[in-house]
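What follows is a group of structures, each given as structure tokens.
Both complexes below contain chain A, partnered by chain B and then by chain C.
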Partner chain A sequence: MIEQLFDGLMLALDWQVLLAILLGSIGGIIVGALPGLSSTLGVALLIPFTFGLSAPVAFGLLGGMYCSSIYGGSITAILINTPGTGAAAATVLDGYPMTQKGQAGKALATAIWSSFFGGVFSTAALLVMAPPLSQIALRFGPPETFTVCLFGLTIIASVSTGSMLKGILSGLIGLLIGTVGLDLQIGFGRFTFARFELYNGINLVLALVGFFSIPEALNMVKGRHHVIDADKLKVSDMKLSRAEAKFLFPTWLRSSVIGTLIGIIPGVGTPVACFASYNEAKRFSKRKDQFGTGIIEGVAAPEAANNAVEGGSMIPLLTLGIPGSAQTAIYLGALMIQGINPGPSMFQGANAPITYSIIFGLMIANFVMLGLGLGGIRAFLALIRLKKIVMIPLIITFAVIGSYALNYRLFDVQIMLLLGLAGYFMRKNGIPLAPAVIAIILGPLGEDALLQSNTIFRGNLLMFFTRPICVFFIALTPIAIAVAVNNHRKEKRH
Partner chain B sequence: MKKLFVLVLVLSLMAFTPALAQDFPARSIETQVGYAAGGASDIIARIVAEYMSKELGQPVVVQNYAGAGGEIAYTGVATAKKDGYTLGYINAPATMSLPLNRKVNYTMDDFEFIGNVIYHENLVVVSPDGPYKTFDDLYKAVSENPGTITVGNSGAYADDHLASLKMQHETGLTFVDTMFQGTAPSLVALMGNHIDSVVCNVADIVQKEKDGQVVVLATMGGERNPLFPNAPTLTELGYDVVMGNYTTLAAPKGTPEEALTILRDALEKACTSDQYMQAAGVEANLPIQFYNAEDIAARYAAANEALVKLWADLALPTP
Partner chain C sequence: MKQTSTTSQRGIQSDRLLALVLMAFSAIVFLYARDWQMEAGLYPRAIAVIIFALSSFMLIKPKEKKRKTPGSMFKEAIANKETFFVVVLTVVFIMVIEPVGFFVALPVYMVLTQLLLGSRDWKNIALSTVVTTAFIYLVFVVMLSIRIPVAFWLT
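Up next, the complex of A and B:
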């Protein structure tokens, strides 16, 4: 195996592979940062280019895109409160407040180092422990997925800044939006108004772009945003100090583990990992009431987690042929085009060096991303200098382009704008948006899992309690709710 | 200034060229795919696009319009401009089953066939860890315990579900149909032993079967599939069940005859070339099967008849 690892590393250190990684990474940061262009779209767009390339080069390109686009989303999330990708939805919670406090550079530095840690951690796990970890993927059947979603919904409580009641309302709105579409069992249309464009439900990207970009732009029009004086930023404000890195280490470790594990479970996806690790960072923090006001753990946790999902989601992909995230589903296609059929055979015989070269390519991509991210902080900060008159149409333009780019139809843009208006009114009334986003993801996922579980259990829902993983999450849920309610009460007293 | 004037003049003239096009095709052709990038339907479309471009001398581009069980792409093709530049992939039985199940904005008469690229039969798979080693084992278990054994499929009234319903109708067995959002999650649930069996298609499990992750108990083709020599066909076992999936390139009805002939010719040449068969059939491991326009039109007509009958026999929901 050591020999194959070495061969794989040599394959990855070829100049063509490194160039591909660089190009993919540059493209990735751009795609990631632009609100509306998701990282999944970025990876999908590169597929035609992989046709004539050798496997290590092709996956160098895809790896660079995947890795950097997940980080890229945090740039706009932090600077202008509009996440560039779903993976950065949790980064706005503390990222933007940091910018408002004049700490944009620090936030960006935190984001890049956290992303780097998460990416390297999960890729190392992939390299060393892929086969045993892949068994976790299989243990998560519909009943387990449902209980994970149930527990996941309690995250709503911790990201409800302000009134818990308004947070729950936001969650309910998200659940409602999540019901749109054809139901799983008989294909019955719910809230589809006989428009086939709605049969698949409302795409998460439309909700993200609508909820975050549009209200921000509208607030700018009304002058209700903070003006940051970019000239006053000091150089030290653009770096993460050694002491801060040491302070963040436990957060990084915890978030990377969460991200890797969620990546391994097929179907759950990156945004959930971000919110979950934000939640856990808050739970274990000594200054939990400062979450949401702009502290570095609040940025470090989701950023480490979202890049950790990369390596995690490759584990079931490479070992079982099951993609663990939306982006790796596209990787699957790229592998098939290369004539590589993912599964246990990938780690055996002649296939092994190529498989390892793909993994090493991803690892190297993390380093390239670090370089680009650190080097680009000054350039990214220039975004803040843009005057309102440029920023507002820019945000709206990307919002429209990104929504249109999903399926090339204006209907999606209309939905996004509707959601934008809804988001604006929610913000105006102090209703937080993050819970709605969590519910839009977990609602449909959890409902399908519940319906499948009901079918598997032949209607006897008590059978949930015969499965250990289910019992674990079912038990955690009320505890999490109780802790969150208690924390809210404590916060109110201060 | 003069340079600018010339540039503007040239650009404006170029803008008129599509309207002056005499030779078809004069610009790139779009092929719509009703499934997400990375899946088998998408991959075959891209490989076909590559080889068709070579024949036509113009780029052939794949656009994904996933969703609603393919309905979005089917509607897109049926209602596209009839100039031969917008094509798309339709499927049997999926394209035919949607109008039977709900209100849609197209009918099967809205399509002109160009040629078929993929055919693969449905089949029944189980986990190697489970108690079923042959179809007989499964048959026994289900007939002794009707309504308890789960069979996963890719969605309500999708082709896998229809194949499962047909199988149950002909064998008299009662499974518990479990719906998933696509075949991939159903196979994940099977490999984790959360469900007992799955009905899917050849392409979905070719590699998994080789790796020993699933076992094929029976296929629903006309004859045994050489990839699975130990799996009998349901026909062999005495049941009238032949269910499979066609992926066919089509144009909207009303597309000019000249354009259709050029496209049909290009597709046939592309799909019968050695390099295509190597790239698609061997390297990408796809169940390629070319049928020309007349052949596939006849097959679709027969399949449609059979499907309408099945719908009536099983009293499936109609709009």
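Up next, the complex of A and C:
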């Protein structure tokens, strides 16, 4: 095995592979930062370019795109409250408040270091523990996914700033938005108003762009001259000190474990990992009341988690041939184009060096991403030095083009604007938007899983209690609610 | 003091007004989904009922002391005339993308929005408009080959 690992490393260190990783990473940061362009789209767009490439070069290109596009989403989330991807949805909660406090550079530095840590951690897990960890994927069926979603909804209580009642109402509105589309059981169109565009429900990116970008742009109309005063931005604030890194280490570690584990579970997705990590960071923090006001742990937790998902989601793909996400499904296609059949045989014989070169390629991509991210902080900050008069149409334009690019449909842009205006109204009336976004993510996932479980259990939902993972999450849910309510009360007293 | 009493006579506590809006919204959702088959309708109807119940709780025990009228609530959401016109311009921008093309509508939208927001710095307006339009064209159309209706004469 050592020899195969070494061969894989040598393949990954080839100059062509390194160049491919660099190009993929640059493209990834651009794609991730632009609202509406996801890492899935980025990886898919690169597939035609891989046809004539050798497997290590092809996967270097894809790996660079995959890693960096997840990080790229955090740039606009932090600077202009516009998450470029679903993976950056939780980053806005503390990232943008940090920008408003003049700590945009610090927030970006925290994001890149956290993404790097999460990415390297999960890739190391993929390298060392892929076969045993892949068993987790096999143990997760619809009943387990449902209980994870149920537990995930408790995050709503944690991210409800101000009134918890309004937070819960926001979550319910999100659940309602999540019901739009064809219902899985009988194929009935719910709230589709005879528009086929709504049959598949409301795309998460539309909700993210609408809920975060449009209210922010409209708020700016009566705001400051700049997003942030230029003199508030300090060079010293563009680095993460050793003490801060030491302080963030437990958060990085915890979030990376959560991200990797959620990545292994097929179909759960990156945003869930981010919000779960944010929630846990808050639960373990000594300054719970400051979450949402712009603190580095609030950025570090989701950023470490979202990049940790990438390695996690590769585990069932490479070991079992199960693609747990859209990105890994495209990876599966790319593997097949290269004549590689994913599964246990990937770690054996002549396939092993190629497999390890893919994993080492991902590892190197994280280092390249770190270099580009740290080097680019000053350039990224130019965005918030723009006057709000320019920034307002710019944010709206990117929201429009990003929504259009999803499916090449103007209808999606209209939905985005409608959600944006609803979000603006909610924000003006003290209803937090993060709970709605969490519910939009978890609602449809949970409902589908419940319906599938119902079929598996033939209507006997007590069967949930016969599965250990389900029992674990069912037991954890009321505890998590009680802890969140208790914390909320304490915060109010302070 | 006098002003507060006048407002209190005219308006109700903002949380109560918000509760009424949410109750009306959930009632509409419930009624809309009323005739749906059990399998499809139960879940959205249940959510609507919970929103109604929680909103009524807010109606009884409002936390926010500020008072508002439906008119002031709308006005506050709009914030000022500029916000309203930015929304109107955005709606028009979205509506004309397909008939005239994105790269015709975008420069006009960028210029009009900046003028509306009070900018008279023509150099800045021109620069931001050209850079934004060129950037979007290069990234979305040239690099990523995303099919955007470029301009009406190129359809």
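The rule is simple: the second predicted complex is superposed on the first by the 488 of 494 C-alpha atoms of A that agree within 3 Å, B and C clash if a C-alpha of one lies under 4 Å from a C-alpha of the other, contacts with A are read in each partner's own complex, and residues count from 1 in each chain.
In this section, a contact is a pair of C-beta atoms (placed from the backbone, for glycine too) under 8 Å apart; a residue touches a chain by one contact, two chains touch by 3 or more.
Because the structure is predicted, anything quoted here is derived from the model rather than measured.
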Checklist entry - Looking at the overlay, does A:308 come into contact with chain B only (first), chain C only (second), both, or neither? => result neither
Checklist entry - Now for A:329: first (chain B), second (chain C), both, or neither, which partner does it touch? => result first
Checklist entry - With the two structures laid over each other on chain A, which partner does A:186 touch: chain B (first), chain C (second), both, or neither? => result both
Next on the checklist: With both complexes superposed on chain A, which partner does A:408 reach: first (chain B), second (chain C), both or neither?
Outcome noted: both
Next on the checklist: Quick check for you: in the superposed arrangement, does A:400 touch first (chain B), second (chain C), both or neither?
Outcome noted: second
Next on the checklist: Going by the contact rule set out at the top, does A:51 touch chain B (first), chain C (second), both, or neither?
Outcome noted: first
Checklist entry - Once the two structures are fitted together, what part of chain A is touched by chain B and by chain C alike? => result 183, 185-186, 408
Checklist entry - Quick one: in the complex, what on chain A touches chain B? => result 44, 47-48, 51, 137-143, 182-187, 189, 194, 196-197, 199-200, 266-267, 320-323, 329-334, 336-339, 341-345, 407-408, 448, 451-452, 455-456, 458
Item to check | Of all residues in chain B, those that touch chain A in their complex | outcome: 36-40, 42-43, 46-47, 50, 62-69, 71-72, 75, 101-105, 147-148, 150, 155-157, 176-181, 184-185, 187-189, 191-195, 206-208, 210-213, 282-285, 317
Item to check | chain A-facing residues of chain C, complex | outcome: 14, 18, 22, 29, 32-33, 36-37, 39-41, 43-44, 47-48, 50-51, 54-55, 57-58, 63-64, 73, 76-77, 79-80, 82-83, 86-87, 90-91, 93-94, 97-98, 102, 106, 109-110, 113-114, 117-119, 124, 128, 132, 136, 139-140, 144-148
Checklist outcome for this item: Per the touch rule, the chain A residues reaching chain C in their complex are 30-31, 34, 37, 45, 163, 165-166, 168-169, 172-173, 175-176, 179, 183, 185-186, 188, 190-191, 217-219, 221-222, 386-390, 392-394, 396-397, 400-401, 404-405, 408, 410, 413-414, 417, 421, 424-425, 428-431, 447
